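Next come two complexes built around chain A: one with chain B, the other with chain C.
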Partner chain A sequence: MRKTLITTVPAALIALGLATAAQAVIKIGASVSATGPAAFLGDPEAKTLQMMVDDLNAKGGIKGEKVDLVLYDDGGDANKARTFATRLIEDDGVQAIVGGTTTGTTMAILSAAEDAKVPFVSLAGAIDIVQPVKPYTFKTPHTDRMACQKIFADMQKRGFTKVGLISGTDGFGASMQAQCKDVAGDYGIGIVADETYDPKDADMTAQLTKIKNTAGVQAVLNPGFGQGPAIVTRNYHQLGIELPLYQSHGVASDGFIKLAGAEAAEGVRLPGTALLVADQLPEGDAQKPVVTAYKSAYEAKYNQPVSTFGGYAHDGFALIVDAISRAGSSKPAAIRDALEQTKGFVGTTGIYTMSPEDHLGLDLSAFRMLEVKGGGWTIVN
Partner chain B sequence: MRISGKYWTLIFLAALIAVTPLFFPSGYYFRVGSLLFVNGLAVTGIVVLTGYAGQISLGQAGFAGIGGYACALAPVHWGVPPALAVVLGAAVSGVLAYLVGRPILRLKGYYLSVASLGFGILVAMVLNNERELTKGPDGINVPDIGLRGLLSDWGLNLTNGEFWYALTGICLLIGAWIALNLQSSPTGRALRALHGSEVAASTVGIDVARVKIQAFVISAIYASVAGSLMALQNKFVTPDIAGFLHSVEMVTMAVLGGVASVPGAILGAGVLTLLPQVLTVLAEYEQLILGLVMMGVMIFLQEGLVPSILRWFRGRDE
Partner chain C sequence: MSELLQFVFSGITVGAVYALVALGFTIIFNASGVVNFAQGEFVMLGGMITVFAHAAGLPLPLAALIAIVVTAAVGVALNRLAIEPARGAPVVSLIIITIGASIFIRGASQLIFDKQIHSFPAFSGDDPIHVLGATILMQSLWVIGGALAVFAGLWLFFTKTLLGRAVLATSNNRMAAQLVGINTKFVMTLSFALSAAIGAFGGVLVTPITLTAYDVGLALALKGFAAAMLGGMGNPKGALVGGLLLGLLEALTAGYLSSQYKDAAAFVIILAVLFFMPQGLFGRKSTDRV
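And then the complex of A and B:
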């Protein structure tokens, strides 16, 4: 008798269309920059989150509990992001937050999340977000410092010791420029030229000519974001500079090759994630099933290519879902503890193993050195 | 004793600030309230400059940026308590406004708009590029103001949201009180006289340039304090605070509500602070709706919301 009651009551509720109201719902909040200057990052993030939550609920949610995603667009404005973070915590009552597309918006959300003791998985790059470790803040993208290390390791392997830098003056370019200069020495590399450009500049020929004429330069590295690196790549080709050109993970997308032109981009190397080369991964690669599933689902649903940035959101959301199901509870403190204990979790960006000292959980192996060949990405060994 | 209109405005505003929290369903509304008050404070400064004196500044965000970064930098580099950094920021803003305004405001016409526009962009550039000091476009942490701990020592325990709601509310009341007092003071009368006609104002012995500079300095201090409060509340500030769009936003708020009226400007700030929060469900149409509201007000209520509505009521009385 009791059993029939348990099965018939939900059935009746579904018939009445009240199923969601009757079920316990886990609430996850998100504030990403789907519009504004960082939209090329935030838009795929928002789409990814929406897709993943629909997908999760279609499969029955987390242990039968539906997940409700509250998604706001902060337009890249730190002040707005802070307001939405307060709204998510105080008004919507979310148990965890994913988002903070840029370092600025992340820092704004971070202080609200830490005050309220709500776990927050950031999608921004800067190392300051998780260093020093803050109890409730985690992040999924690798840091710019790691990108520098990966690039310099590759240069070291090729026997380069003198490198020219050309960096954007935006937040991303400036932060990576500083990190690269800081770690170059560890790889026996000297920075012999150090030029900058404004992200809105339409021509970088002058800076590149200066690097070209610097004695002894063996390779050039361009920490930058958006369209700047594409222009650098085009100018580089026009000037006929024969030295190897390295770009940052900030432009690891098919869009970059399109913008720079396949001919100019030929031979450009950068540290990217498995996502960009999903179909080239060898069978047995731990990340292959995850990146292939995400790529095909995203491209089928939105009819546009996946980007590394959407992958960050994928990993952020998946980490929270994983933590909730391991914790067996949707209390913020329990989610936080479970997030910190994440071990060997396979995402699109890399394989995460968190600890109380490390709230990023990725190492250099998460990066793959990629090279543009014939208008597409290939893996360099 | 007859209470003048000025005090009715203040009493009404104070009552509104004190009573609305009783109806707040969650702590988030305190945050929205304090945002509204901070914007209202900056816009009250624009009432003095644009509403009273008829001068337009497109660089108010530059002063907000100075106020915000004063609270980020002074406590860390010179050990100034954050609450005093607000005063320091206001002083720096005032001095800069004087230096920018002094040569410009001797001229007639729209020179101040252009000069202040340039000034605002300069501040934003410095904040973006002087990485050694400002940490660049990613923004910088701002220390806690520390007053909340002091209050709890005295037995007054407020949540972060409540504290900032109360503090910014009080600051707005003080700001509105000063602006309303100014309106009927000799300086305020001089400002309104030169708004009507600079030539006429100078023939009755008003030092036009000096009074204009006073208005510009006052509005800069309002913007600076607002910027400081915003930075201290967020405990984080990015160069966006000094961005051109922020300047335009402030002028828009003032114009929407009624630029010559303190309650109007605060209402304008309220509408443009609340609307984006209400429209999150329609995020894609937010800009469209904001634009339509602006157009509607400009076409049908040319003096701004409050003055137009007041006129309509008075017109019916007669």
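And then the complex of A and C:
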């Protein structure tokens, strides 16, 4: 009897303590790469998350409950990401996690989140994150495979069947190169030239000359990231190649036009998100209010242009908040179920409709085919 | 024909960038035997400071001058704060210190500047020059001209000036140099300032072509180091020829073989050259009195 009392009382006290802690605030954890090699992705993500949680709490939180954001910077290091994921789950006791800037850090967080059954919304690109579907893992950015499909669909419409590829050898470029080669056949497109460059190379005219002299090539596609695509675009202009040039969603930003030069970038097409052309969206476009609100809030607060990557974090956080308010509970399992039932949720990247088979919930319509005209982006119809 | 010429132009453009970085290695190496792995960071600083000074409204030439002076000061600080206190340490330790310094400069730049990629306008516009069906940018000619000018300057400095000879003497035997009245401390300070200034000068010239960001230094230093080793470390002629040769090897491999093997082919040839000529193409045979 005495023994039972001794064990029951502390247990009850602990249970009570946990219950009050859980009711007081909703805890959302985040691990992004705000510094390190992926900083240009993770930095806007961290800023976006901070801005959104402040904004949400200023408006009274979710149904009156404040949201506490626990934000860690993993510096792009998968080992650190895993440590932070474990800390978020075990020490901070978060109910959901958003983050994983790169595919590497996402994979580290993913295994910890799945083991602990905590819902996790990833901000990284690779298709392997949600295919095959893992019960607790979701993601917001479209995949590079979808980018290839969008580009090839546009090429098909313009009647191109022979395409030259020039890809970066970094993870992003290599992965997209493989995906594009895989889906090209579905659109009746043959890859007639396949060149690569190192992401730090200063000149790609040798590779481009080779593509230019390949018989029958009708258009060129450059899967790549960072400064490489800007240099490719300049060299393309320098060599006076008249064929249409397609870039990837990896460089969908105003910075790309600035680096490549407006003259060289003229006519370049790429699949981008609505965020890039916020003020050009037609009235009545479902995404217009969301992207305009996010863009103006971010640019006013941080005084720097909004980026697609910050948009991924925006959508990841908004999806979790939406799921919590629909579930009416902040239990991890309830958040997970609500995330999976997300229907027609309008984000900056696209309109999400999740299902037990699809934890990304975007289709090709999320991409807009954009073209550089007069130093700015325009929507191609 | 125009294809070959285009590959050659591509190779010379890239090669001149490597040569400018490689030339920066020579002075510090000649003064102390230290291969300064922070040399790439000097190039990065040259580009980044110019970008930010130019963005702040200064005309490009003034921005470039400020970048070169500030970077030279960073070079002097590196010598005063990190190399001099470790004087007497083996050369290998000093080289490791420069690696540490490069990581420090990279990290500090990430905080002081930002993490974005930057550029500034080319000096003479973006219109390419057409030669027999191939094209080359005006900025490439600036880089090639810059590399030649630095080469000529260094060659004159080391062969015709007393100060240059004092640098070489300090490298040969510091103690003996001191005994004949050379201010070796000043020689070290000067060599770091000059090396940093040459690096920054290179950064100013190459940025319109290569673009710049806080982390471009490492890749540049590695390619520049490879070029300097190929040509013979410490010899300005070696740095120039090594850089151009490396650039041409890469471009021709990418053009005629496959761009996948571009870097591999270049490094295999470097290894082969060093196997038969361990001092590089123009390196001095070192003889040690035992």
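Throughout what follows, the second predicted complex is superposed on the first by the 358 of 381 C-alpha atoms of A that agree within 3 Å, B and C clash if a C-alpha of one lies under 4 Å from a C-alpha of the other, contacts with A are read in each partner's own complex, and residues count from 1 in each chain.
Keep in mind that, in the parts below, a residue touches a chain if its C-beta (ideal position, glycine included) is under 8 Å from a C-beta of that chain, and two chains touch if they have at least 3 such contacts.
Because the structure is predicted, anything quoted here is derived from the model rather than measured.
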(request) Specify the outcome, clash or fit, for chain B and chain C once both structures are aligned onto chain A. (result) fit
(message) Contacts for A:Asp170 in the overlay, against chain B (first) and chain C (second): which applies, first, second, both or neither?
(response) first
(message) After the superposition on A, what does A:Arg82 contact: first (chain B), second (chain C), both or neither?
(response) first
(message) Looking at A:Glu371 after the superposition, I want to know if it touches chain B, chain C, both of them or none. Which is it: first, second, both, neither?
(response) neither
(request) Answer with first, second, both or neither: which of chain B and chain C does A:Ser111 touch in the superposed model? (result) first
(request) Examine A:Thr205 and indicate which partner it touches, taking first as chain B and second as chain C; both and neither are also allowed. (result) second
(message) Under the stated touch criterion, which partner chain does A:Tyr72 make contact with: chain B (first), chain C (second), both, or neither?
(response) first
(message) According to the stated criteria, A:Asp154 is in contact with first (chain B), second (chain C), both, or neither; which is it?
(response) neither
(request) Give, as a whole number of angstrom, the minimum Cα separation of chain B and chain C in the superposed three-chain arrangement. (result) 6
(message) Quick check on the output: what are the common chain A residues between the chain B footprint and the chain C footprint?
(response) 35
(request) Flag every residue of chain B that touches chain A in the complex, lowest number first. (result) 25-29, 31-32, 35, 128-129, 131, 136-139, 141, 160-161, 230, 234-238, 240-241, 276-277, 280, 283
(request) Please name which positions on chain C make contact with chain A in the complex. (result) 3, 6-7, 9-11, 13-14, 17, 110, 115-119, 126, 128, 135, 137, 206, 209-211, 213, 215-216, 219-220, 250-252, 254-255, 258-260, 262-263
(request) Quick one: which bits of chain A touch chain B in the complex? Just the residue numbers, please. (result) 34-35, 72-73, 77-80, 82-83, 86-87, 89-91, 102-104, 107-108, 110-111, 115, 126, 169-171, 174-175, 178
(message) Under the stated contact criterion, what part of chain A meets chain C in this complex?
(response) 35, 37, 39-40, 43, 195-198, 200-203, 205-207, 209-210, 213, 226-227, 230-231, 234, 237-240, 255, 258-259, 261, 263-264
